[in-house]
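Consider the two complexes below, in which chain A is the common component and chain B and chain C are the respective partners.
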Partner chain A sequence: MIAALARFEALQLRRDPSVLVAVGALALLLLLALVVHLAAQAGQQRDASAIAAAERARWLDQAPKDPHSAAHQSIYAFKPSAPLAALDAGVEPFVGQAVWLEAHVQNDLLYRPRGDATPLERAGLRHPAGLLIALAPPVAFLLAFALVAREREQGVLRLSLGVARDPLALALGKALTLWCVLLGVLLPLVAVAGLGAALDGRWSADLGWRLAAWSASMGVYLAVLALLGVGVCLRLRSTRLALVGLLATWLIFTLLLPRVAGSHVEASLPLRPTQAVKQQLQDEAPSFWTAETAQRYEREILARAGVASRDDLALNYRGAELDHAERASHAVYDRVLGAFYASVMAQDAAYARWSWLSPSVAVQTLSATLAGTDFGHQLDFVAAAEHYRRELVNRMNAAVMQHAPDANGKAYTADRAFWAAQPPFAYAPPPLQVHAARLIEPLFALAAWLIATLVGLYGCVRGAQA
Partner chain B sequence: MNATAALARFHPARALFVWEWRQAARQPLLWAVLALLLGAFCVGARSAARLQQVQHAAQVQQQRSDADWDRDVVARMHDYARPADAPAPYWQDPTDIAGYSRYQLREHAAKPALPLGMLSVGNGDLLPTRWPMKLETPFGIEPAYDFEAPRQLALGRFDLGFAVAQLMPLLIFALVVLLATFERDSGMLRLIAAQPVSPAQWLRLRVLGIAAWLLPGIAVCLTLALLAAGADLAAAWPEFRAALALVLVYAASCIALAYFVVAAWPGAARALGMLLALWLFFAQALPVLAALLLDAAADSPSRTLYIDALRRAEQHIAATRDELLREQFAVRADLAGQESRIGQLDYATRLTFLAPLLEHALADWQAGFAAARERRMRASDVLGFAAPPLGVESALSQLAGTDLARHVRYERAVMAHQQRLRDWFYPRVQAQINAPTPRPPRSYARANFTPEEQAQIPRFAVPAESGGARARAVVPLVLWLLVASLVLAVAAQRRSRRWPEEI
Partner chain C sequence: MSDASCALHLERVCKRLAGHEVVHELSLQLRAGEVYALLGPNGAGKTTTINLILGFLAADSGCIEVAGLPVAADPLRTRAKLAYLPETVMLHPHLSAVENLCYFALLGGQHLSTATARQLLSEAGLQADAHERRAAGYSKGMRQKVGLAIALARRAELLVLDEPTSGLDAAAANDLSRGVRTVAQRGVAVLMATHDLYRVNDIADRLGVLRAGRLLAEHVTAPLTAAQVEALYLQQLAA
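Here is the complex of A and B:
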């Protein structure tokens, strides 16, 4: 019966040109955004792959030199854009995409795509997911208004509810119609995004799961909007009130709460200023150390080797000093940067908790994580690049340690064979399961929203009947 | 005859306005809207002020740290004057001018917050507020940045700019529409039509009655929010006046737009739906479409390809280092005959010749980035006139000093300061090639750079900024919104000349 009612309601909607214009405009805008971002992403991906290959070639072709100097030249690692980034770029526009893996320093990822965005670029920085989350509510509410409030205005609704054998089915039919129309906006997006990834040669089972989960989350979000829209229109007794109610709902859930949540999280869990973090790193793990620090290093190296002077060491002292400083810095970076990144993740978790207050926050969090563009995915790359850097620099320093200067005092130089023995940097993003824990809370919250709006709709039907 | 009756008899329009004005004040919705605006403005201003305080504290901490480092360097300069069997490595020796220029120089240029910074976060959360000064950094600007939670950057902040540009219009639309269509929706319009008042006059006075409360209320809300966030209005009087004018004229344009829509006598639902659609187009869809078009045009050089160019230039310079130095020596009269010393030059001294060469190799890229940014900024400014919410947010950030244009001016000042530092250091470092300062016998220190000289190193000077210039920069937008408001009001007046036919 609900399906039959939904078909009837769809017929009604098709007669309203403003509804068709609103839905069509939203669908076109989303598809346009997706196509432009897919094209831009493919271009960036091509550039990054080409330059990564050039970096490897430069590494292999470098002239024979001191391995530690080679560790300073080192390579740039490029973060591959997530295959679903064209759907939801998440934090990607605001985090660095390339990192220089050099000796002594865990550098920041640099070259944020929107690092110097103009106001227009920030205001217009909406990927399909962001547009859908922000603009689907007004469109859904317009549809709900057309389906319910106008019937009330014409006096048809009272009659329908009064004579209906199952008034809830009537309301569900309206919500189902609305949801199907909204799905008509969502499904082409999913198809184009999947096709784009396949054409780009990046399709995988993990990507399939991610896309399916992303579509399901968005589908639930749209269902919540449909139920909410129909419920509010049923509950409020005049069209004026219904419209104000819908406007307020959109304003609060989509415009206000996400930003208020962000500000609240920032105020309650403030990040350490970058200045303080960098200062601490510079103080505790200097890339150029003073003569006094060098003397301390010497004492520590000799004590660890159990010898009294540099001449008694079985190793090249310069290499030993470089290795000592490098390994000491690892612990500092793990402690200082590790704690800093943990606080960023804690902020994200606190933000996700606001999912219980707004379905928009829930679906925002889910979308970025499923698309592989949240900060957790960024951290994966940071960790992988840093792991590679440490391995590479340690091997370079080990080569210096193992080779004493020749009889003329000339330092050891490594050659192409040694460079080629170092594996290239390769990064494969981890599968979705690794990030599943971050999905749980917003997923439950979105499910709770669905249940709450279903129950709410039932209550609204009862209220409207009364 | 009491005063009101006399007014009604001799000045009916004025009497009707007074009546509408009093009626508007009795509407709880008016006060609810003003209360919401006050709350939103206060939260927004506080949020921007908090960011400003954090950034200021980081700058102060950085200055302290730099000063501590300088004190430590001077102490080491004195300490290293001691006799020793072996000299200190040049890169650890602050008395070595070359080593100092590369490894011991520590200074940060800071972009200070302005007194009305809480008006808008603008790009203040995205762009760095301090730059480390290094002699060899290409074009003076390190690509480093202060880390802000990227989720927050993507989402945008709840600041005063957002509250004014995005929230205020929606609340104004709701208020004007609901108050101006009440009689229409409740069937009372025919009673009014039976009175000796023209439809245009009645609707105009109804809207004016609302505006007469709303506009002063918004001015009070803005002032209170800024004061509550700790703004020093006296220190930023021109910017404050400009901000007030901008916000009021923007509010007036929103009222005029709502007036234009309700002048066709739609019901509340239709009017609000139409205004919402217009707002969605101007505040959301238009910037997205324009940004997509700009992205599709993609005339900005690729940062990824720039890295490749940088690496190729570095590799070329490293491979031909001695040859390049020989060319430099050949054209310098003071270095003629010193070519044999090229192989013994330390890294820091070599950099004084090679860093400008690297910049020269990358000059086209730098010019390309600057030109592309200039074009993007122009596009953003122009679109601000077509999409007023964007224009107003952008103008508020100009008044707050958190805009991209001010940042670009600071970047230029940083580049100029780097050049001053190079002009100060390079001749001193290079003079050591030709006429090295004699090393004191058995000294730990190189002693060709003294604490007295260190005290003379040029310091970054904050560029002079004028509040008046910032205020003048937003005048075109204010005038544009004023003209738009007047045109809409006149059009609404013409549109409402007849009562709706169905009454």
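Here is the complex of A and C:
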């Protein structure tokens, strides 16, 4: 019965397309944003691939030299943009896409033009997901207004409620119609995003799951909006009140609460200033060390080898010193940067907790995680790049350690064969299940919103008057 | 408790709105097939009484039963037993009469075929060439006829009409009156709030005069002429 009622509602919307103009405009805007971002993403990927190839060639073509010097010459590692980043860029524009891998230092990622963006921009407003999250509510509420409040004004709703055997079916029929119209905006977006990934040769089962889950989350969000819109229009007994109520609902859930959430998180879980973190790293894991530090290293190296002097070492002392200093820095980076990254993740978790107060926050959090562009996914790349850096530098230092200077005192130099033996950096993002834990709270919150709006609609129908 | 043949039973119903008592100890009964006209000036409580019967408002005290079912306990089930025509029947402007009828019948839980819908519209007096036209261009009389067809489709035991002939020309009002009698002849009880004193004795079997929420008197209309109805009405209001 609800579906049959929805068909009549849809028939009316089709014959009175004025309200559908807003839906069409939103659909066009989203598709335009998606196509622009897909094109930009493809361009970035081409550039990144070309630069990565040039970097590899530069690495291979370097002149014979001391391996530790090669570790300083080093290379860039590029983070491939997530296949669904064109849908939701998440934090990608703010955390950079490339990192310079060199001895002694775990560098920050580069190429983050939006590093000083506002919290609203951090929410991804310029991407299809952000646009959909922010603009679907007014469009949904406009449709709800046409389907309910305008009918009340025309006097049709009084007759409908007077004859309805089950007014909830009437309300659900309207909400279903509205939801189907909104799905008409969502589904082309999903299809184009999937097609874009497939044409780019990046389709995978994991991507399929991510896209399906992303679509389902957005679908639930749109259902919540449809139920909210119809419920508000039924509950508020004049068109003026309904309009004010719908506008207030949009402003509170979509604009106000996410902003308040961001401010609250920043205030309650402040991050250490980046400069302070860098200074601590410089103090505790210096790239260049003092004579006192060199003496300490020597004592530690000799003690570990169980010998009394450098001459008794079976290794090249310089290489051993470089290796010792390098490995000592790893613990510092893990501790200091690890704590910093953990605090960013704690901020994200605290922000996600606001999902219980706003469905927009819930779907925003879900969208970025499912698209593979949240900070958790970024950390995967940071960890992979750092792991590669450590392996590479350790191998360079090992080569120095294993080769004593020749009879003339000339240091060992490695050549192209050695450079080619080092594997290039390749990054494969982990599958969705690795990040599933972060999805649980916003997912439950969104489900709770769906149930709450359904129950709320039932209450609105019971209290509705023509 | 009402008897089984009683389509509508009100027993000492009271309702206050914004501090004013708009319905005071109202009691009345309608049998199946009976047409009852509720007369009264503006503000007499006619529309409030209808809203109470429809379950749009809850009575402060007293009891309302439709076809033996208490409205307060189960407004949705009682609403299924009745059909309601507001003073101005407003239809979905972008749907035709057939589509409107099918839609409202569906809301009442009935799936109508197009053929059945056309037949009901014809029975309600709507010309065949208007059946497929969009309701946006309908006159008030045409909309009222579609409303009557909706009532017919529901096979309700009680039809509630709020000022059904208000704003209709004489021909349209006559058409509607005939439609109402047709419905009543099928055994449907009809409660009609109206100002139309001149048509009451053509349509109604009984009339009641309401003033300030109180039922002042009830009369059988059969022996009365229109002029006598008017005289009685004015006499009751002046008393």
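In the analysis below, the second predicted complex is superposed on the first by the 448 of 466 C-alpha atoms of A that agree within 3 Å, B and C clash if a C-alpha of one lies under 4 Å from a C-alpha of the other, contacts with A are read in each partner's own complex, and residues count from 1 in each chain.
To be clear about the criterion, contacts are C-beta pairs under 8 Å (C-beta built on N, C-alpha and C of every residue); 3 or more make two chains touch, one makes a residue touch a chain.
It should be emphasised that the depicted structure is a prediction, and the values quoted were computed from it without experimental measurement.
A.B. asks: Between chain B (first) and chain C (second), which, if any, makes contact with A:Ala294: first, second, both or neither?
C.D. replies: So A:Ala294 only meets chain B here.
A.B. asks: So, does A:Arg259 touch the first partner chain B, the second partner chain C, both, or neither?
C.D. replies: The answer is first: A:Arg259 touches chain B but not chain C.
A.B. asks: For A:Ala407, select first, second, both or neither according to whether it touches chain B, chain C, the two together, or no partner.
C.D. replies: Neither chain B nor chain C is touched by A:Ala407.
A.B. asks: Using the superposition on chain A described above, determine whether A:Leu142 touches chain B (first), chain C (second), both, or neither.
C.D. replies: Touch status of A:Leu142: first partner only.
A.B. asks: Between chain B (first) and chain C (second), which does A:Pro93 come into contact with in this model arrangement: first, second, both, or neither?
C.D. replies: A:Pro93 sits against chain B, while chain C stays out of touch.
A.B. asks: Count the residues of chain A touched by chain B and by chain C, then name the partner with the higher count.
C.D. replies: With both complexes superposed on chain A, more residues of chain A are touched by B.
A.B. asks: According to the stated criteria, A:Tyr76 is in contact with first (chain B), second (chain C), both, or neither; which is it?
C.D. replies: After superposition on chain A, A:Tyr76 lies in contact with chain B alone.
A.B. asks: If we overlay the two complexes on their shared chain A, which of chain B and chain C does A:Leu159 touch? Say first, second, both or neither.
C.D. replies: second
A.B. asks: What part of chain A is shared between its chain B contacts and its chain C contacts?
C.D. replies: none
A.B. asks: Would you pull the chain B residues touching chain A in the complex into a rising list?
C.D. replies: The contact residues of chain B facing chain A are 43, 47, 50, 54-55, 57-59, 61-62, 65, 76, 80, 88-89, 91-93, 103, 122-123, 126-127, 130, 143-158, 162, 166-167, 170, 174, 178, 181, 185, 267-269, 272-273, 276-277, 280, 284-285, 287-292, 294-296, 298, 302-308, 311, 314-315, 318-319, 373, 376-377, 379-380, 383-384, 387, 389-390, 393-394, 397, 403-404, 407.
A.B. asks: Spell out the part of chain A that touches chain B in their complex, as residue ranges.
C.D. replies: So the residues of chain A in touch with chain B come to 18, 22, 25, 29, 32-33, 36-37, 39-40, 43-44, 47-48, 50-51, 54-55, 58, 62-63, 73, 76, 78, 89-91, 93-95, 97-98, 108, 110-126, 131, 134-135, 138, 142, 145, 149-150, 153, 238-240, 242-244, 247, 251, 255-256, 258-260, 262-263, 265-267, 270-271, 273-277, 279, 288-291, 294, 340, 344, 347-348, 351, 364, 368, 374-375, 378.
A.B. asks: Using the touch definition up top, name the residues of chain C that touch chain A in the complex.
C.D. replies: That would be residues 54, 56, 76, 79-80, 83-86, 88-95, 99, 102-104, 106-109, 111, 134, 147, 150, 154 of chain C.
A.B. asks: Under the definition above, what is the set of chain A residues touching chain C in their complex?
C.D. replies: 1, 4-5, 8, 11-12, 15-16, 151, 154-156, 158-167, 169-170, 465-466
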